[in-house]
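Please go over the structures that come below.
Two complexes come next, and they have one chain in common, subunit A, joined by subunit B in the first and subunit C in the second.
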Partner chain A sequence: MIDARGLSCPMPVVMVQKEVKKSDPSELEVLVDSMVCVENITRFANTHGFAVETKEAGGEYTLRLVKR
Partner chain B sequence: MTKRINPWMILTGIAVGAAAVLLTKAGNPKNMGFCIACFLRDIAGSVKLHSAAPVQYFRPEIPGLVLGAMLTALISGEWKARAGSAPATRFILGAFVMIGALVFLGCPLRMIIRMGGGDLNAFVGLAGFAAGIFIGTIFLKKGFSLKRSYQVSATDGFVLPGMLVFLFVLSLVLPALFVFSESGPGSMHAPAVLSLAVALAVGALAQKSRLCMAGGIRDVILFGDFNLISGFVMIFLTVLAGNYALGNFAGFSFVSQPVAHSASLWNFLGMTLAGWGSVLLGGCPLRQLILAGEGNGDSAVTVLGMIAGAAFAHNFALAGAADSVADGVYKVGGIGLNGKVAVVIGLAVLLAISFKNCEKE
Partner chain C sequence: MEIGTGERNDDIRLTKLASCAGCGAKVGAGVLAQLLEGIRVRKDPDLLVGFDKSDDASVYRISDDLALVQTVDFFPPIHDDPYTFGRIAAANALSDVYAMGGEPKLCLNIMAVPKSMPDSAVHEMLRGGYETVYEAGALITGGHSILDEEPKYGLAVTGFVHPDKVLTNSGAQPGDVLLLTKPLGTGILTTAARAELVGASRAEETARLMMTLNKAGRDIMVKYRVHACTDVTGFGLLGHLTEMMQGSDAQARLDAASVAIPEEALALARNGILPEGMYRNRSFAEPYVDAGGIELAVQDALYDPQTSGGLLIAVDPEDAKAVFAELEGAVPCAQRIGVVEKYQGGKRIFLT
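Coming up: the complex of A and B.
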């Protein structure tokens, strides 16, 4: 699980990019608290072979990235 | 490679380009339909934070952009008061981004507008801007972070929008409290109602699309993502087409460009400072205004830093002087010793901030 809450753009995407490069995960969960981060991570994930499922609760978003 | 482009980004790019051409036609200085650095500098002058007579006017575009973003964010449910991510550092970064931009004579948005006006000096600025962004991305990869922001009281998120609206209304009802240029760029402006209305629309679109001049080049370098840069390109193409259609385009040249100088080294380094600082801040000056409208207190502090930087730039003779013609002789402008020292200090400060805020893996 990557906790990127409160981090400004583009740090959350950089964190996801690093994790994908480091461990080539088949699944990855990311916690963010802004729609900008949701959009940016989703765009990055979709073009790097991941499907993304997003759940919102109390202004926070959990993104579940699953390798296609 | 990411090739997905948000249609809002294309629309926003066209709208911003068209708005810039329209506001210039309606009275704003040439190639300055929009310029966040110039407009914050004019506001700083208008409230007497500096006394440079040609650049003093309370530009309605600034409160308009912030309000447009705020209203859209409130409607879409994205408005959220947050702060606490290295505010003092952001203040300093905002000040140096402003100083770099005023050395060049324009923020990244005006750089594109100048490019669309045929100003080749702005292409030199673009090279410097891209170099600054590239340096910034090196530190992002090394773990640079200004740490997390946190939810704060809603009132905190309304401080900057409220302050701008209050001062703008005050400038209309009690203009004697403010200073307004009688000549120079500050004296040239579109009607206030038009400036405000256009800026409200642009602010709303910029919030919706996440338009960011620095983010465009940054995302191409970091992720191969062309979404943000598509807005950048559309602004350039629209301004170019608009100028051509209105008969304002006289080809590409380095000389006799409106409110611009041809001291290439300092155009390059000024925008290197602006680009690098913008990447560390997470967005260009326009983006900082939009984020402040969304309730981001850190961006509000950054905007205050930019206003302070503008005041410093003129109180300490750091800003660039435009090329001019005196007695039939073309005189290259640029910056004096103070400005050169400020750019070097700025680059050194950014280097120190970049290193000191890299988290160990």
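Coming up: the complex of A and C.
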């Protein structure tokens, strides 16, 4: 689980990129608090073969990345 | 004027002091229209270009053969080096006068500096501004500075143009050829540079592009039958082209493959390294754009907010070849990117 709340882009997507490079996960959860981060992480995920599910609650977003 | 602490600090990274970079800090086009809604617009027969047309600068006729062009532009640091930032901010502000077909003459500095910014950095930022203004053949006659938490710099620029030679963004005609004078991608690349994801040579090239005046493009295009012009800045190519097509009551067919986008910018877009302004531009212009089957990363680059971007020119098809030939070599990257068509009542831009 990556908690990137309070960070502005591109830092959250950079954190996701680092984690994917480091541990090649088949699943990854990311917590962010802006739509821009959701969009950016979704673009990264799609490029690298992950399906993305996003849930919103109280202005915070949980992205679940699952390797296709 | 007391600014800065006077302390030497060569490690200062200007972009770390800014929450958003360059023209990416611009308020969205749609939001701006909303904010102005209901405010009475005073008319004047000599005001040739005013607020209501979402143009680059206002133009006021003072005699039959002379009109004033006025514009103002400033933003937070887009580059860590204060001198480079000063040059970019000045080139960007001057560009609005060039986009109207005018020549800049008088400039005023607009500056905000935090207490923590060293005097030497402020000096360098101003030196960049002065040098760029002198390169444009204009003068800086004064300015205004305030203390602020985030540095900002730019210029209010006054220029001249012949009242009959004003180039607005609303005169494009069906058949016109669309030309662009700089590559895209500066918003993506500067965002990536903030996270240190861009190599030194690409970062330098991006800065060099943003420091380049649109003077050469302006000086060439005014000799030809140009029907509309704007500079590509905060709203991105598709945002500015949407405004041009709306203002001209026309539509455009844009050949995405002919738009110069650095491969590195596309790779960054695919990896989700995109500035917030790109999404703002997308939500403003997307309803007017038929993206066809164009790859998402290319679309993103076409919506990418530019700082000190190139001139977008709609030129008479008979002159297109000649003006393009002259632009090649004189501007950073001459591109023939599309054509203007008669409006069919649907989308304003068709990507092919």
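Assume the second predicted complex is superposed on the first by the 68 of 68 C-alpha atoms of A that agree within 3 Å, B and C clash if a C-alpha of one lies under 4 Å from a C-alpha of the other, contacts with A are read in each partner's own complex, and residues count from 1 in each chain.
Here is the rule we use: a residue touches a chain if its C-beta (ideal position, glycine included) is under 8 Å from a C-beta of that chain, and two chains touch if they have at least 3 such contacts.
Just so we're clear, the structure is a prediction, and the values are computed from it rather than from any experiment.
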Next on the checklist: For the combined arrangement obtained by superposing on subunit A, do subunit B and subunit C clash, or do they fit?
Outcome noted: clash
Next on the checklist: Just checking: does A:Gln17 make contact with subunit B only, subunit C only, both, or neither of them? Give me first, second, both or neither.
Outcome noted: both
Next on the checklist: Contact-wise, after the overlay, does A:Ala51 reach subunit B, subunit C, both or neither (first, second, both, neither)?
Outcome noted: neither
Checklist entry - Who does A:Gly59 touch here: subunit B (first), subunit C (second), both, or neither? => result first
Checklist entry - Can A:Arg5 be said to touch subunit B (first), subunit C (second), both, or neither? => result first
Item to check | Partner chain(s) touched by A:Ile41 [first = subunit B, second = subunit C, both, neither] | outcome: second
Checklist outcome for this item: The clashing stretch of subunit B against subunit C, among 74-82, 128-136, 146-154 or 164-172, is 128-136
Checklist entry - For subunit A, what residues appear in both contact lists, the one with subunit B and the one with subunit C? => result 8-11, 13-14, 17, 35-36, 39, 43-44, 47
Checklist entry - What does subunit A use to touch subunit B in their complex? => result 5-11, 13-14, 17, 33-36, 39, 43-44, 46-47, 59
Checklist outcome for this item: The answer for subunit A against subunit C in the complex is residues 8-11, 13-14, 17, 35-36, 39-45, 47
Checklist outcome for this item: Listed in rising order, the residues of subunit B that touch subunit A in the complex are 1-4, 78, 80, 82, 84-85, 140-141, 145-151, 210, 215, 218-219, 222-223, 225, 227, 282-283, 298
Next on the checklist: For the complex, give me every residue of subunit C touching subunit A.
Outcome noted: 19, 191-192, 194-195, 197, 269-276, 279, 296-297, 300
